[in-house]
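Input: a single structure, listed below in structure tokens.
In order of appearance the chains are A, B, C, D, E and F, and numbering begins at 1 in each one.
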Amino acid sequence: MDEMTWPEFAARRDRPVIVPVGSTEQHSRHLPMCVDALLADRLAADLAAAVDGTVMPVMAYGYKSKPLSGGGPLFPGTIDMNGATVVAQMHDVLREIIDDGFTKIVVMNAHFENEAFVVEAIDLVTRETGGAATIVETNWWDPLPQDVVDRVFDGLAFPGWALEHAAVTETSLMLHYAPELVHMDRVVYEEAVEARPYVRYPVRDGDVPAYGGLADPRGSSAERGRIIAEACVAEVARICEREFAG
Amino acid sequence: MDEMTWPEFAARRDRPVIVPVGSTEQHSRHLPMCVDALLADRLAADLAAAVDGTVMPVMAYGYKSKPLSGGGPLFPGTIDMNGATVVAQMHDVLREIIDDGFTKIVVMNAHFENEAFVVEAIDLVTRETGGAATIVETNWWDPLPQDVVDRVFDGLAFPGWALEHAAVTETSLMLHYAPELVHMDRVVYEEAVEARPYVRYPVRDGDVPAYGGLADPRGSSAERGRIIAEACVAEVARICEREFAG
Amino acid sequence: MDEMTWPEFAARRDRPVIVPVGSTEQHSRHLPMCVDALLADRLAADLAAAVDGTVMPVMAYGYKSKPLSGGGPLFPGTIDMNGATVVAQMHDVLREIIDDGFTKIVVMNAHFENEAFVVEAIDLVTRETGGAATIVETNWWDPLPQDVVDRVFDGLAFPGWALEHAAVTETSLMLHYAPELVHMDRVVYEEAVEARPYVRYPVRDGDVPAYGGLADPRGSSAERGRIIAEACVAEVARICEREFAG
Amino acid sequence: MDEMTWPEFAARRDRPVIVPVGSTEQHSRHLPMCVDALLADRLAADLAAAVDGTVMPVMAYGYKSKPLSGGGPLFPGTIDMNGATVVAQMHDVLREIIDDGFTKIVVMNAHFENEAFVVEAIDLVTRETGGAATIVETNWWDPLPQDVVDRVFDGLAFPGWALEHAAVTETSLMLHYAPELVHMDRVVYEEAVEARPYVRYPVRDGDVPAYGGLADPRGSSAERGRIIAEACVAEVARICEREFAG
Amino acid sequence: MDEMTWPEFAARRDRPVIVPVGSTEQHSRHLPMCVDALLADRLAADLAAAVDGTVMPVMAYGYKSKPLSGGGPLFPGTIDMNGATVVAQMHDVLREIIDDGFTKIVVMNAHFENEAFVVEAIDLVTRETGGAATIVETNWWDPLPQDVVDRVFDGLAFPGWALEHAAVTETSLMLHYAPELVHMDRVVYEEAVEARPYVRYPVRDGDVPAYGGLADPRGSSAERGRIIAEACVAEVARICEREFAG
Amino acid sequence: MDEMTWPEFAARRDRPVIVPVGSTEQHSRHLPMCVDALLADRLAADLAAAVDGTVMPVMAYGYKSKPLSGGGPLFPGTIDMNGATVVAQMHDVLREIIDDGFTKIVVMNAHFENEAFVVEAIDLVTRETGGAATIVETNWWDPLPQDVVDRVFDGLAFPGWALEHAAVTETSLMLHYAPELVHMDRVVYEEAVEARPYVRYPVRDGDVPAYGGLADPRGSSAERGRIIAEACVAEVARICEREFAG
């Protein structure tokens, strides 16, 4: 959308608009800080191609990264926005899209911690506008069917989504979309980390292994990334078909 | 704590303080709206007994109930506070406890949707106070070991935590703690609901079955509730031991 | 209401809803911190019985306790929420009740300092909803007729409402509603305190006598408490009749 | 202060600063809308003369006017600021005065409804600055001794402060300070109004008599106004002496 | 307006209302801190005379004074309100005027730094009220035609509006409106200051010359002030005619 | 920076960090909506090369576009964030960069309307952190020397910066940086627009010519764009040298 002129955008009011939201966050030693923003953006672009939709500029900064999902404020370069800011940012953008007359919106999220705040924004804007638009929000990993997960992890062990930070799925997606930003030679993997089943503050050194990852990224491949991307896009396209039918 | 006089409370500064937070939310046709608040409160009381802690008054109103976890704004009696309100409420209470000199705090949460906002409050207060207190936050179900889940669902099918709204675990806990509020004769269970792997707004009639539940509560028992309660308390007590040791 | 199921609550849309709001605040050496929350809750329950109303869960945390009314931030256990938080909490709850279709609401307040912020919330929600509900707000002491005050203080000196913190009226009401939480053997009363006719910050030690009271609680009795409670309920029931008639 | 140059102001850091706060609100048919702002300003000026203090520009807009004190949103010209705005305005001004190195501050309030929000601002700024300044806040009527009230109402009936909106005290003070703005020929007084002992929203026509007053302003005189003004200033000067001594 | 009674104000609903907004800010050694507030107020009064309008009480506190326009937080007496406060204050006042039925509003601004926040308030209130009122906002200097600027600076060098803080235009306007507050004998002018074409924080000593001005006020005269005032009023009156015609 | 891993970023703490901020806003019929974001991003990249700095991800959404600078809410695709959101977004990002230990920050702004809110964020974060970082903020056009403007407009008429929306400078910069996004064949230019010297709300059709521009973009060229870009970068590099020297 950002490469369109305004009359081009205006002409697409009856098509879906896709808002990608990521983060700027450490992703271990072999991936860049833009992983979440880049994946949200690229998956949104592929989805746009599939549903004849329009992609909005990606929100590159997101909610606070948490140790439980492999991040945390102790790594330089992790830019943690407050919850209220994430809500306000998404609220204002959605409100403007709706005021411009669009009624089919997909929020493509690539940073788990964003979700509660992004959904709060969706709830607020839905109340304000009397539900004028249908808004679908999804994390890229949520709609993946089990058989896709099985194919992605063929020959590898799936540690569970909670540990998949800078591990096989994100690394593979990056190898698929932006291999020039992946440094497989710098992959560090020291030991299996077990996620604590609770939250504890303040965050302390050691809550996340010092290199910045939780699970083993070895075995990642562009091919595995392609499988994820295509399945994600296909599933979300199906969701669009169902939800935007009316 | 609310039944103590101030000198009694002041004398317990070196002991853990437990802040229970629940919600006021529809829980199908056989459970009352106070389920989350009551369970947070009772589990906190049992935990206090185990760790010689002090229980703060329960926060009876929580964040918005969502269809994905069996609630939603379309049921009368579901009282949805905005995210900013949930953050502010928890922030102010934690700040005051810390300013009173307490350094060991447990937030016992019984309403899934609260968590991101409760943790935002913990993050904000931790930054403001320079990490003066160690704050543990947990949902009652998160620390349950797999073998406990297996025992609880002995002879029953575990539908996954996502569907456990007004179902076996909550009903059993209520039968354990407050059987007089449970109406097993009104149990409604129509069909297995499959959770959508995404969020869609506006919420529509039918997103949650009309009776207000997701999974089958039949087979619930006070005994199953006792198993959950005891395991939860034992696990959180262990967490307190580990985290409050320093 | 919190012990009802949602269909039970939904069936009572044409009846008054009562929202009790208290505080968690030191109440001298002989009363527990829950005095304001418990009194709001119990008076609301009695009122509900009188007007066939429904009681919402009590808000147990309130606005900052002030020295002029016998509290203040220097006593441990006094939990002071910011004004904005008190407004937000009451706003959100009232808004949800109104959105659920209720039009007759009573806010029963038992903590003087709450009032301006509670009324701000009522004003805001009234503007937002176009006055869809009639909302009555009262402190429990305000509607008491002079002859009731005379009967309550029969044989005792009434120091004025400004000093009635943890003194005769609150102690008597607690003896009426929850005698097991009153420690008459710990009553401390050192000297008559004169309320300053102005506010001064910062609060200093000595602004309130070190034990935490302002006036003499001796002479309190369950009987005096009963007189207050019954008169309060009768008066507010009359107010409901007048205001909810239309 | 606003007529000083900055070096003149800077030279008075060890002297009290007085912040007058009023409102813009209907004051019946015989008084102008500026009554509260003008009285706050003039009393502050007289106090400044008495304590060698410096007067800040008056805040002419205040919190919402309420029917219980004779105002209400139904009268044109009553400008109701939200509570959060009143808090922010006072907070920012106090913070700047304190950051400029002043430590003795008096807030002179002339609009009852302001007080809770003004004091919230004082509390917040006191916490932020570690109590760097001593801040006294008073309504002009609060420190008046009983014998002064008796002299002011000599030959008249005192209806209680709650009804003293646009009545004897305000009218007399206006006759003392700005007689050219008082229209005694337009005085309307229809009947004794009894203050309701509770709050009810929405505000309705008739909550305040249509002319905009509550009690009888007849008998007001510049002489009565002079008595109030001089007593108020003398009392607040004494308060300054006591509180700013350290 | 503040000297009117409410029926007088109510009778003028079809006339323009003028809201003057200034600041409390150092204005070099020869001008008082009230320059912006006083000029906004007086120009509003002259405009009211020209268009049969009504002047609201001046907002005497404004947004943060910046070094680029000759102010800055390092001068005592400069009272910097936060942006959010300036927005809230203007929002609430405009909202109330519109709710009172007025539809023609002029905001007369005399402090450059206010403008973005004042316009944000205008935008917000316009959205909320569906554009019920036409609101014109102007700085007093913006509508001055070039030939007026030439006449004002006849025989003097115009340094550009960016440096006109406490210089010829403000000093001349003050000599026109309030000569008793101008101390021409204290005029300090040390050297030509060149405005930096960027912003840098933190503000440092020396960002503004120590006396508090940017350009040379010598040559100021009441006559030059009269020319500015009359031209400003004439131009804004013309704007009113054009914009309030419908 | 977003293409770096976290250890790469961490190693550059003593180098400048550049935060580009743009907008998503209509830019007439021949330029895409991303003009401001793209220019901020590219100029930041060139500046980074010149000062060995690090570029943060661009903020692609900015403050409300205004008719006076050629935009306005009536064009689809113009995404207007509220002022509070712009402040919060910039505040949070700056705060995190400073908390990561960086002390030399440049904010490169390409959307005029952002500036007041961006600077408010800088002011707030400077106060909070005690001025721990030196923060320079500039619009790309502000530091251009007059002789550069003359060279850019060689053979063309400079209409003043206020009208330079989607006109010669932006079009030329786009031809320099992203010619594939410029549609010179769609250039529309109807008539000279004169900027109103005041603000009027609500915005009306016709406030900006229907095609979305203010001044004539004809004559734009990549060469003129190169001149602007190089001069801007050179000037800001000099500013960095001066301000980050200490």
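What we mean here is this: a contact is a pair of C-beta atoms (placed from the backbone, for glycine too) under 8 Å apart; a residue touches a chain by one contact, two chains touch by 3 or more.
These figures come from a predicted structure and were not determined experimentally.
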Length of the shortest touching-chain route, chain A through to chain D: 3
Furthest chain, CA centroid comparison against chain B: E
Equivalent-chain rotation between chain F and chain A, CA atoms, steps of 5 degrees: 180
Most widely separated chain from chain D, with each centre as the mean of CA atoms: A
Residue-number overlap at the chain D/chain E interface, same or different (half cut): same
Chain C and chain D: spacing of chain centres that average the CA atoms, whole Å: 28
Interchain centroid distance [CA atoms averaged], chain B/chain D, Å: 48
Chain C and chain F, separation of their C-alpha mean positions in angstrom: 55
Set of chain E residues in contact with two or more other chains: 82, 84
Pairwise touch network: line, ring, star, complete, or other: ring
Sites on chain E touched by chain D in the complex: 1-7, 9-10, 13, 24, 26-34, 37-38, 56-61, 73, 75-82, 84-85, 88-89, 91-93, 96-97, 99-101, 181, 183, 186, 212
Complex contact set, residues of chain C against chain D: 64, 66, 82-84, 87, 113, 115-117, 119-120, 122-124, 126, 131, 134-138, 142-143, 197-202, 235-236, 239, 243
